[in-house]
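Look for chain A in each of the two complexes below; its partner is chain B in the first and chain C in the second.
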Partner chain A sequence: MLTVSGLTTEFRTRVSGVRAIEDISFDVPQGVAVGLVGETGSGKSVTIRSILGLLPATGKVIGGSAEFDGVDLIRANRSQLRSIRGRRIGFVAQNPFGSLNPILSIEKQFANVIRAHRTMSKADVRAVALERLESVQVRGPERVLRGYAHELSGGMAQRVVIALAMLHDPPLVIADEPTTALDVTVQRQILDLIDGQISAGNRSLLLVTHDLGVVAQYCQRVVVMKSGSVVETGAVADVFGDPRHPYTKQLLAAVPPAPWSRAAKEVTGA
Partner chain B sequence: MTTLVAPEARRSWAKRHPALRYALVRVAIVPISLFVLGSVSFVLVFFIPGNPAVTILGDFATPEQVARVNAQLGLDQPLWDRYLTYWSHLLQGDLGTSFFTNEPVLSDIGKFLPNTIELILLSLLIAVGLGLLIGVTGAYFARRWPDRLLGGVTSALQSVPDFFLALVGIYVFFFLLGWAPAPIGRLPIDAGTDHPPFLIFGSLFRGDFSTFGAALGHAALPVLALGLVYSAYFAKTARGSMGTALTTPQVEFARACGLRERTVVRYAFLASRTTVITYIAILFGSLLGGASIVERVFNWRGMGQWALEGVLKVDVPVIQGFVITAGLMTLTLFLLLDLVVLALDPRVSYE
Partner chain C sequence: MSERASEPSVPSLMELTDIRQVFRRGGKEVHAVNGVSLSVGAGETVAVIGESGSGKSTLGRIALGLITPSAGTVTFDGTALGSLSKAALRGIRSRMQVVFQEPYESLNPRIRVGDIVEEPLIIHRPGMSKAERRTKVMAMLERVGLSPEHAERYPRNLSGGQQQRIGIARAVITEPELVVLDEPTSSLDVSVRARVLDLLRDLQREHGNSYIFISHDLATVGLISDRVAVMYLGQIVEQGPTAEVLGNPKHPYTRALLSATLSTVVGEKREHVPLRGEIPNPSSAPVACVLSGRCPIEIDECSTGPVAPRRVADRHDVACLRVDRVDDLIAVGEPE
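Coming up: the complex of A and B.
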């Protein structure tokens, strides 16, 4: 489905180039959820932005490829890339209030994303938007559609973003820490929602996160990154059950124990 | 952030319509601003060096003559009495008469303000159009060669004083090339200086195209001089706000959804429109007096030129009239600006 190989990206500074990621290679097979994990600054975000062609002006992919649908996204021209983004690859960003346009009604934003890839009448846009909002369990979809992003709660806003990202039923979804900006209480709901949408359509997911628990629960494969390189990759059960790389071991050891287990230890004095 | 809505009946109208309440408070502040403005314009005059009586009579006047003129002008009254008289005249719309021309200040303003407004509006048209073009292009090609080139041009333009550009324009386009008319005012010399207010807009509206053409020709150089210099300020602002708008997660998400670049740029522009509108209002306010030297260079007979001559002669009523008119226009403009910004942005609720 998506094959990344040897991806290397540099950021230009006044004096020289700084290599943000180097020789990144991994696969996202059809129907599989892949977790991309690593600490802050390990290059997860740069990796997905390199793939999607969303690097800031100072960043540039200087080597490698990202094959998707038989197209190398790195070398694709602007119109090729545009026709893939949103239609074949959906993107869910970290902060829903950053993603949504604050001055457009939600309905207008649905219309924009739909019409980026096909023509559709206003009435049909509305019908599709309502149906999609219902499928992501947004309460009162009519009212949400009329309203604006700032009237929504964080969880509801991220549901709207997911509905927008999935509008064209893309076979691959890339989610960049989709729950980091949300309340702990809704994180799980959002992940369940993404998971449900992915498995329902036998789609692929590339889930960027620093939460190993999330990867263990929602992903089948994992790619571990550190300082701009991939240090370990494989099936989640293998990597977490028997980590080869010392960094992966460190990461796993850094996961705090569940609070009830600690409380239980204190009670029993163990 | 909550989607829960409290029972409406329990909330006062002001809580339910924070925007309306803000607008009303904003309008209610206007009389206070006007009082401060009027008082400032009264006090301001005492900070201007020079004695009007001496300026009128010349340096060889005797103390008796100075005292007599001071009495005529009412300058010998106690300050408090003068302040009260000033306000009672002001409230009746009487801005006094010029010490030197004996023209009522209000009729002078009626004559000169339309000239300045025409100059400012046309200059702003150039400044906004060109500035936005430069700024948006620069922001779109951030840190690449078009951005660097335009940034250089902008800095160069910004460092040239408007009157200097005007003088260069006169030298090149009037003196050397003969393309532009002489800098002698708003119309050719045989048309005289008496013309209806709003010469350009008025003649266009009446369909008087020969006057319109002549007036436009005379306006070309001053408008270009001001427009070019202020387009640099505009370009910098537009480059900044568009540059920020184009690097937001919102733009990234729009691109990731496959929206066309045209659409993405349009929304980024809409997101930064309040900055642009605010800057238009600020430039309008500053050009009311800021265009004075260019007005003088072209003998434009505008407010700035009139006020400048008033200041040089310590013509107190003229200075006060200018401060009050410019202040009043700026206050009105900023009030409108705040209300427009309020109406444009669904996020603004001013709670």
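Coming up: the complex of A and C.
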């Protein structure tokens, strides 16, 4: 579905180029959720921004490819990329309020996303938007459509962003820390929602996260990054059950066990 | 109305009794803290757990004497903070310190690391000579895992973990009896987080100080605290010894928080305790159980009035009318 090979990106500084990621390779197969994990500065966000053509002006991909739908996204021109993004690849960012336009009504934003790729009457836009908001369990969808982003809670705003990302039923969804900005009890609702939307459509998911628990419970494959390189990749059950790279071992060992888990009970004696 | 604070098993250092904090925002009253009683023992770590808007940070600032609460009393080592003159309050505050979540934002970017760590000594130890202070600063930097060269650097030249070590060094250099840790590891990567927690534990063992550890992360709290208080919408809904609250949680909200913590063991997914919707704004005084409207097991009685905590086990208090039925209604323990 998505094949990234040898991806290398540099950032320009006053004096020279700083390599942010080097020789990144991994696959996202059809119908599979892949977790891209790493700590701050590991290059996980640069990787997906390179793939999606969303690097800031100082960043440049200097090598490698990202094949999707028979197109190399790195070499695709702007109009090709625009037609793929949104229609064939849905993107969910960390901060929903950064993704939504603060001065357009939610209904207008649905109309814009739909009309970016097809023509549709106002009444039909409304019907589609209502149906999609219901599918992501937004309560009072009519009221939400009339309203603006700032009137929504973080969890509701992220649901709207997910509905927008799913509008054209993209076969691949890329989510960048989609629950990091949300409260703990809401995080799991949103993960379950994304999981449901992915499984229902037999879609692929590339989930960027720093949370190894999220990868263990929601992904089938994992790519572990450190300092701009991939250190380990494989099936989640294999990598988490028997990590080979010292960094993966260290990372897994650093996560305290979930308080209700068998491991935690051994620690606290509860 | 005031409930007895769940007591520590050691002599008490700080007593918060029936604390209330009302803010006015746009003509509306916001009850950030609503009748909280909490006791912190000497040498003890008490975790205050909650999501954003629970009032946990406000409670931390009240404990430090940075905010005077709208109602209720704060007692430190037998002295009520509310009764003190400004000078006396400053004296007592020198026995308490704070470490904030964002290390970089809480360090002055124009001041060298050595001077940052020295500053509390200048303020609180006026009798100390410059040479004595410098010796102490160097020893402190080494103690938190930094080298003497770091003293000449500026905060921006250090990593997040190093910056937080400086925040900790600055807080403990005057050997305070109480340190309020406000999400001290939340902005750090997991591998750094574990080492900072180790440092905090070691320092406590050496100095015998108390911590109020404010966090939203139950897994971290399980590693460091003796007791846990779970806050929601300005109230403590459950508190008790850590092993008891995390191992045998009795409030539906604590269960929901716990079930949201994901295990890194593949397939070890706990049954999700769903809460409806999201945390409402604490704009009105509760006329019902704080969780009503979101709780999966609420009954009509839950919305008739506020719910007082009840003792369910040794030092374990829970504010829930359905506490006897929680086990039947919300599955606990290992997943199938």
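The rule we apply is simple: the second predicted complex is superposed on the first by the 259 of 270 C-alpha atoms of A that agree within 3 Å, B and C clash if a C-alpha of one lies under 4 Å from a C-alpha of the other, contacts with A are read in each partner's own complex, and residues count from 1 in each chain.
Everything that follows uses one rule, which is that a residue touches a chain if its C-beta (ideal position, glycine included) is under 8 Å from a C-beta of that chain, and two chains touch if they have at least 3 such contacts.
Given the structure is predicted, the values throughout are model-derived calculations rather than measurements.
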item	value
Contacts of A:Met156 with chain B and chain C, given as first, second, both or neither	both
First (chain B), second (chain C), both or neither touched by A:Gln187	second
Partner chain in contact with A:Pro256 - chain B first, chain C second, else both or neither	second
Partner chain(s) touched by A:Val173 [first = chain B, second = chain C, both, neither]	neither
First, second, both or neither for A:Leu54, with chain B first and chain C second	first
Contacts of A:His117 with chain B and chain C, given as first, second, both or neither	first
First (chain B), second (chain C), both or neither touched by A:Ile74	neither
Which of chain B and chain C A:Val214 touches, first, second, both or neither	second
First, second, both or neither for A:Val230, with chain B first and chain C second	neither
Residues of chain A that lie at the interface with chain B and also at the interface with chain C	139, 153-154, 156
Chain A - residues contacting chain C, complex	39-40, 139, 153-156, 183-189, 192, 210-217, 236-237, 240-241, 250-252, 254-265, 267-270
Chain A partner contacts - residues on chain C that touch it in the complex	51-52, 160, 189-191, 193-194, 216-223, 242-244, 246-248, 256-270, 272, 274-275, 277-279, 332-334
Chain A-touching residues of chain B, taken from the complex the two chains share	1-3, 142-144, 247-250, 252-261, 263, 267, 270-271, 344-347
Touching residues (chain side chain A, partner chain B) in the complex	52, 54, 56-58, 78, 82-87, 91, 93-95, 98-104, 112-113, 116-117, 139, 148, 150-154, 156, 161, 164-165, 167
